[in-house]
Each structure stands twice: as C-alpha cells, then as structure tokens.
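Report on the structure given below.
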Amino acid sequence: MAVRPTARRGDRIYRGVAAAAGIGIALVAVGVGVSLVASSWPSIEKFGLSFLVTDRWSPVTEQFGALSSVYGTLVSTVIALVIAVPFSLVIALFLVELAPPWLAKPVGAAIELLAAVPSIIYGMWGLFVFAPFMAEHVQPALKNSLGFLPLFEGPPMGIGMLTAGIILSLMVLPFITAVMRDVFTMVPPIVKEASYGMGSTTWETTRKVTVRYGFSGLIGAVFLGLGRAVGETMAVTFVIGNSHDISVSLNAAGNSIASTLANEFTEASEPMYLSALVELGLVLFLITVLIQVGAQVWIGRTVKRAGGGL
Amino acid sequence: MNRSVPTILAMALLAALTLSACGESTPPQAKLDEPKAAGDEAGDTAAAAEARKGVMLNGAGATFPYPIYAKWADAYNKVTGLKLNYQSIGSGGGIAQIKAKTVDFGASDAPLTAEELDEAGLVQFPLVMGGVVPVVSIDGVSAGQLRLDPEALADIFLGKIKKWNDTKIQERNPDVKLPDTEISVVHRADGSGTTWILTNYLDKVSPDWHEKVGTGKAVEWPIGIGGKGNEGVAAYVQRVNGSIGYVEFAYALQNGMAHVQLQNKDGNFVAPTIESFTAAAESAGWKSAPGFYMVLTDQPGAGSWPITGASFILIYKEQADPALAKQMLEFFDWCFAHGAPMAKELQYVPMPDAVAELVRGMWRTRIASPAGSPVWQ
Amino acid sequence: MRRRPNTGRKAQDLVVKAISAAAALLGIFFLGWILFEVGKRGLGAFDAAFFTSLPAPPGSEGGGLANAILGTLIITAIATVIGVPLGIMSGVYLAEVARGTKRAAAVRFIVNAMMGLPSIIIGLFVYTLLVLPFGRFSGFAGAVALAIIMLPVVARTADDMLSLVPNSLREAALALGAPRWRVTFSIVFRAAKAGLVTGVLLAIARVSGETAPLLFTALNSVYWPTSLMEPMGNLTVTIFNYAMSPYADWQRAAWGASLLIMAAVLGTTVLARVVFKEKKR
C-alpha cells in the first residue's frame, strides 16, 4: 500500500516534532539537574556523604546535615499517600461505576476543585482552622486510645507530622483521583462487560479487571500525587512546626526538604548556606529518582502496558 | 470533529497575548501620570515631572519594612508620578539582587559590614526602624505584666528555664502569680531580619547564647517550634498555653498579644512603644559607625527598648545612570523629610533628623557617576 | 449456583460501594469546609475596587488587585501556551512515536523525576537562565518557570492516557491508509480526549497556586503590566505578601484573591470540559 508523499513528509515532521518535545523535556530536566549540582558543589565538597546522615542544621556555624529534612519529607509523604491512594481509588470507583451521571459530574468537579486551592491557603487553613481541630479532637483521641505507642507521644499542639501528612493527602487527592477516574473510563467497556457477563460484582470487576488493565495508568496517578506531596512547600511549612529534631511521634514537629528550602532561601546570603540549601533540593531530586527506580523495578517486569503499543 | 470552537478560542488567546506582549496597557488611572502642580511637597519643576513619567524603580529585599515602603512609594507616586515597585523577597534576596544588578536598590534588615560593602561596591544607609517584641500566652498574665531580665530571656530560649514559675522569672515578678506550666518556645521557621535582631541581642547579653547559638537570620534553635513568618509565630503563641515567641511590634499590636517588659542596659524595665524604640535610636552613635553599620540592640538610655533594629537600603557607589540615581535619592530624601507620620501610623519608627542629615552627607560624598561627578548636591 | 458464596461476594461488593460513597462524601466535606473558611474570610474583599484598582498600602481605602489579576492571567496563559503543546507532544513521543524504545524509557524516567522537583528549584533554574543574564525580572521568565512545572504533569498524563487507547483503533486507521500523524491526532487523541484535557487542567490548577517560582522570576509589581520583560504583578505572590502581613484589610484581600483563583480554575475546568465534550453519537 503506497503512502502519499505528502503523508510521508507529514509523518517525518510529526516524528520530528514529537522527538524534539520528548528530548526537549529531558534536556530541561537535565539542565535543572546540572545547575543543581553546580550550585551545591561547595556544599557537596565540604560535607560529602555526611550531609545525608547528619542531623544538624546550623546556619551560624555553617554545619549542615539533611537527615531531619529527609526524614520529614519521607514521613509526611508516606502518610499523605497512605491516606490519599486508597481514598482516590474508591472515589474514582464511585465516580465511574457507581454514581449516576447527574451525581458523578458535580462530585467529580468538586473533587477537582480541591486541586485549585492555592497551596498557601491549604497552609493557612491548616494553621488557623484544621490544627486547632486536630489539637482539640483528633490528637487527644489518638493519645487516649493509642497513646502507649511512641507514635503518639507528646503534647497535642495540633501541628506536626500527622497534620502535615493529612493536609498533604488533601492536596494530592484530586490529582490522583482525577487521573484514576480517567484510567477507569478508558478501560474498554467490552472488557468490563465480559467480566460482568460472567457474574462478577462491581467490586470484583474493578479489582480483577479494571485495575489490572489500567495498572500502569494508576501507578502514574500515584506518581503524580507523590510528586506533588514531596515538593510541597507552603502548606507543609505552616503546620509542620519547623523543628530540626527527629522524633518518632506523629505529634511532633519536624521539617521537610521543600519547606526548609523555601523558608530559608530568600534570607540566606552566605555562599555556603545557599549551597547547602540547594543541595537539599538535589537530595530531594535524588529521592524522587530512587523511588521511581524502586517502583519501576517492582512493577516493570510484571506489567505489560495495556492497550497501546503499535 | 468540531474544530471551530477550540480554534476560535485559540485564536482569541493568541490575539490577547500578542496585544499584551507588544503593547503598553494604558493604566486606567490617569493620575499616575499627572503630578500635582505648584505647591506640592517634592518641589517639582515641570521638567523634573516630565522626567519621572514612565520611570519605574525596582527595589527588593527585607520583609520587615515592606508595608511602610509600600505606603511611602504610593504616596510619593501620587505626589510626583514616579513609580517605585518594592518587593519583599527577604534580606538575603535583596542583597543577592542588588549584587546581581537586577534591581535599583536592595533592602536588608541586617547591615553589611564595611568590608562587605567595599567588596561589592555598595553603600548602605538606614531608612526606618522598628522593634522586636517577645510575646507570651500564659493563663493569668496580661499584656505588659511579665518582666524579664536579659539572662532570663536568653535562658528561656536556650531551654535552660523550663517552667514559668522558675525562681529566675518569679523573682523579677513578685506580684504576678506564675503557673507551673512548661514553657513552649516559638521561633521563626523562616530566615528573617527579626530573628537576626533578636539573636544579636541575645548574643550580646548572654555568653551562653553566644557560645551555643550566635547571631543569624536563621539559627540552630536549641528548642522550640518554628512558625512561618510573624503570622505563624503569632498563631502558634496564641494557641499554645505557656508559650513565648517574638514578633515585630506591628503584629503584637494587631493581634492584641501580651507583650513583655524587658530590662534594658540601664537596668530599667521598659515596655515596647514607639517612644522606647526612638529612645534606642537616638542614643546610638551613628556618626562613628563605619558604613552606617549600626545595630540598635542593647543600646544605652533610660527608656531604650533593648531589641530595636534599623532596616537598611543598599545602592551602588557608582551609578551608571546619574539621572535615575538622583530620582531614587530624591525619593529617599522625601521619606526622611515627609515620611514620619505615615511610619508612625504603621508602627514604624522614622529615622531621627540628625541621622537623616548624616545620610545625605554620605550621598554627597560617596555616590557618583562613573565620571566622578556626585549625584546628590 | 449455591447461595452462600454469592451472598459473601455480594456483601463485599456492597461494603465497598458504601465505602466509596462515604469516601466521596468525605472529600466533598473537606472541600466544603475549606471553601467555607476561605469564603467567610474572603468574600468581604470583593468589591468594585478589588477588580479595577491598583494595590493600596495598608490602611488606605479603595485598593484592589486588578494588576495582579491581569498579570496572573497573562503569565498563566503564556505558560499554558508553552507548556501544554510541548507536554502533549512529549506524551505523543512516549506513547506513539518512540513507544517501547530505550530512549522513550529514559525520557519517561526523567519526566517522572521532574515531577518531584520542588517548584522553588525550578524558579531558581529559570532565574539563572532568564533573569540574571538580562539583569531584570520579567513576566516572561515567570511564565517559563510555570511552563516547566506543567510539563511533566501534562506529559505523564498524556503518555498514560494515549497508551490506554486500544491498538485496534490504530490498526483500523492504519489499515485505511492514514499516515501516522493522522492516526495520532484524529483517532487516538479523540479517544483519549477526556484524559488529555484532565492532564492539562491539572497542570493549570497546579501552577495557579504556585508562589515560589514566580518570586524569583516575575517578582511582583504594584503597577499595571506594561511589558513582558518587566516584573509583573501576580496573585500568588501578592497573596503571600498580604497573608503574612499584620493588616486586616490586606489579609482579607489575600483570602479574596484565593477565592478568586479557585473560582477561576473551576471556571476553566467547566469551560474546557464543555468545549472538548464528547459528542454523543
């Protein structure tokens, strides 16, 4: 079958533009990475690997260590995802399979609206409204029931790791839900109907067919949320308490890489201080890369990408 | 596929963008371009007014003086038509941006040393002052009731005094019933000039603090949680019983917080007021400060507030555009001469006239065009 | 078929359905709570001056955020124009053009890594690239910073959505003699339309609340935007400045501006879905 010459040229342009875009993004990311390394070089030189395991943050004596920030980032992100991912899954399920169209549209729009709330508003709402709520109702309840666990020690101030994690989960929920909803929608009806035709319940179809089919897309949704949670600054810094100590308790104050970076960057003028802050950003970049590598190793071998592939 | 609607939208968007990118949007407020006629305060001539049209000065830096700079810029604009855009990106940002020459002037809450100034080719001068106020939230203690001496304040922030009814505090407050509550320290999470001023003071009065922590816009706080901005500190303090924090004076007033009386260098307990801040400024030896490097903490004077600070402007010694530089200095001159009432309204302390004169003298002698002719006469 | 296994499965199904509904309800509850609080504090800021006047210093009457509103519109629009086509074409690259190749895997990996970058780092990068060399802050640099933040969101979503389109559609189109680009743009895009739009909307929602990157690129301004190469006023930095101030009128304006952003994003979402709606056949 002969393809028209204009079509072939069109295809060449098409491929060229797509390649340019794909390579272009990669170049931008590499550019950011390179400039990160360049700016953190003085700090890398001075502290080496100890930067990752030291728990000191003293701008005055220029002793810096990222440990408490890394810990805070990881813990708050884990809390956020542990809450948000299951919620997103069932909400997406609700929107696609359960709710009648007249309900699904406004509910879907409402969930998406959570994404439109500026992050500083999450911070301020968190500080002025949610933290008092946590201090008065949630934290004491947790302390009374589970207080024997070191996880819930400490005075209930309303702020801290748990509060930050919950607010982060609210922020990432709309992203994960919206993408999961679209993934569910894109599963061909014929596949689902085949499952229903065999007598499966809605939940069974979802679990065994829809999720499997769209697994890669669902993971993409989680990564979208992860990306948001890990890099969030404003909302976290308002409610996490900004302490450079490490504590097991979820009620305790902590800090995250992004919040420390955002808090201190604009006022830092000494070169080593600035360099250490940028190195924090580099560490965050590396953490995201590592999580990705881990996820890909775990999933990549077993799941073929469904649907596309020509 | 119905392409028409998205296509139309795309064209409309492109059109709007092209217009905005190429055009000057005409400001709807004509008064921006019309300076007041004869009798206005800046002593305008028609030619000078013409020269100011369309000029926008950019400044960036310290967050502390942001409201008053905004107010002065707005008032000056109404009087002369000169546009001044000041953005609070932080003292560090201000220093970085003036060094990078992306702004016309920088602003910093912490002064640069004479060496740092020379190295960068900058000069600095103080433009406005304010006070940092420790605030507390203790059951049964009202505003201005609690008295703290310097060692007690330092020891609280060091974590050495853990409860409010500790003898070191109680002995200074014989008629106040202090509860047996733990002290919760609240400090700033973000780097700030306010922290710099407070830690500078603690550094001066407490050898322990000097050894363990030091002075900085961000420090390694021995204990406590960090609130984001003055707002964050105020919020934490207000909600946690038994807490102590520190905020700029305006925040303490606006939020109706319980301030503390401090013992100054002369041994008197003073309350934070415009008068006590001004007292600290007036006793300071500005004349002998190289490059106006003057920190107003722990100043002598019967009524001086011990944690006062000035905010500084940074500009280049050598001004490539002398006409623009003159307009910039005229603005600052106007702030010195006419800005005092507005400053007081917003709880800032204007520079005393004597200091303003010293600053003008510095302009005359230090700021010049590349050819060497002074910008300010 | 025996009854008991069915009852167990049915019960499980019912429980999950109930949990789903409850979860959706909880999500809406939080939204309502936030909306209520923001509305309570911000609605009072909406007056004619808010939408038409320039900012006034604290304590002065009649101030508004008109220039910031216009600036945010301009910056977001330009960021969208830069970021969305680039992001979608990258998604096309990953899902269609270079599908399965090692190069695509590498690019996909990098795109995912980009998603976790704190926005302040991207702001710094653009500052080094577009502000320092030119010696000035500019609205254009701000738009570029936002575009870079949008890129991985759009690209990853596009990649995922395009990949979900069944191959049978592509095969049918190719069998009819359509060139690859036609297959992608006319067939695959249409099948994945809703998902692509979601990706774009999420990206816009994401950047509409960003402060840090604009701080280092567009800075902010209290005057009308006159050129893309000057500092440009924008809502998010203004919100940040005002919210952290001790003045009640400024704080109210900050809440009001936040309400405005939420309303604008909602409006954009609704509009986009209406415009790009699947026509029922």
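Think of it as A, B and C in the order they're written, each chain with its own count starting at 1.
Assume a residue touches a chain if its C-beta (ideal position, glycine included) is under 8 Å from a C-beta of that chain, and two chains touch if they have at least 3 such contacts.
Note that the structure is a prediction, hence the values are computed from the model and not measured.
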| item | value |
| --- | --- |
| Graph class of chain-chain contacts, one of line, ring, star, complete, other | complete |
| Which two chains share the largest set of C-beta contact pairs | A-C |
| Inter-centroid spacing, chain C versus chain A (mean Cα positions, whole Å) | 15 |
| CA centroid of chain A to CA centroid of chain B, Å | 36 |
| Overlap residues in chain A, where contacts from two or more other chains coincide | 128, 262, 265-266 |
| Interface hub residues of chain B, defined as touching at least two other chains | 89, 228 |
| Residues of chain C whose C-beta touches two or more other chains | 215, 243 |
| Complex contact set, residues of chain B against chain C | 1-2, 5-6, 9, 13-14, 16-17, 20-21, 24-25, 27-29, 32, 56, 58, 60, 63, 66-67, 70-71, 73-75, 83, 85, 87-89, 100-103, 228-231, 248, 250-251, 253-255, 345-346 |
| Complex contact set, residues of chain B against chain A | 89-93, 95-96, 184, 189-193, 213-221, 224-228, 232, 235-236, 239-240 |
| Contact footprint of chain C on chain A as seen in their complex | 1, 3-4, 7-8, 10-11, 13-15, 17-26, 28-32, 35-36, 39, 87, 90-91, 93-95, 98-99, 107, 109-122, 124-125, 128-129, 170, 173-175, 177-179, 181-183, 185-188, 199, 201-204, 214, 216-217, 220-221, 223-224, 226-228, 230-234, 257-258, 261-262, 265-266, 278, 281, 284-285, 287-289, 291-292, 296, 305-310 |
| Residues of chain A that touch chain B when the two form their complex | 56-61, 63, 123, 127-128, 131-132, 135, 157-159, 237-238, 241-244, 253, 255, 259, 262-269, 274 |
| For the chain C and chain B complex, residues of the former touching the latter | 52-60, 70, 74, 77-78, 81, 131-132, 135-137, 186, 190, 215-216, 219-228, 230-231, 237, 241, 243-248, 275-276, 279 |
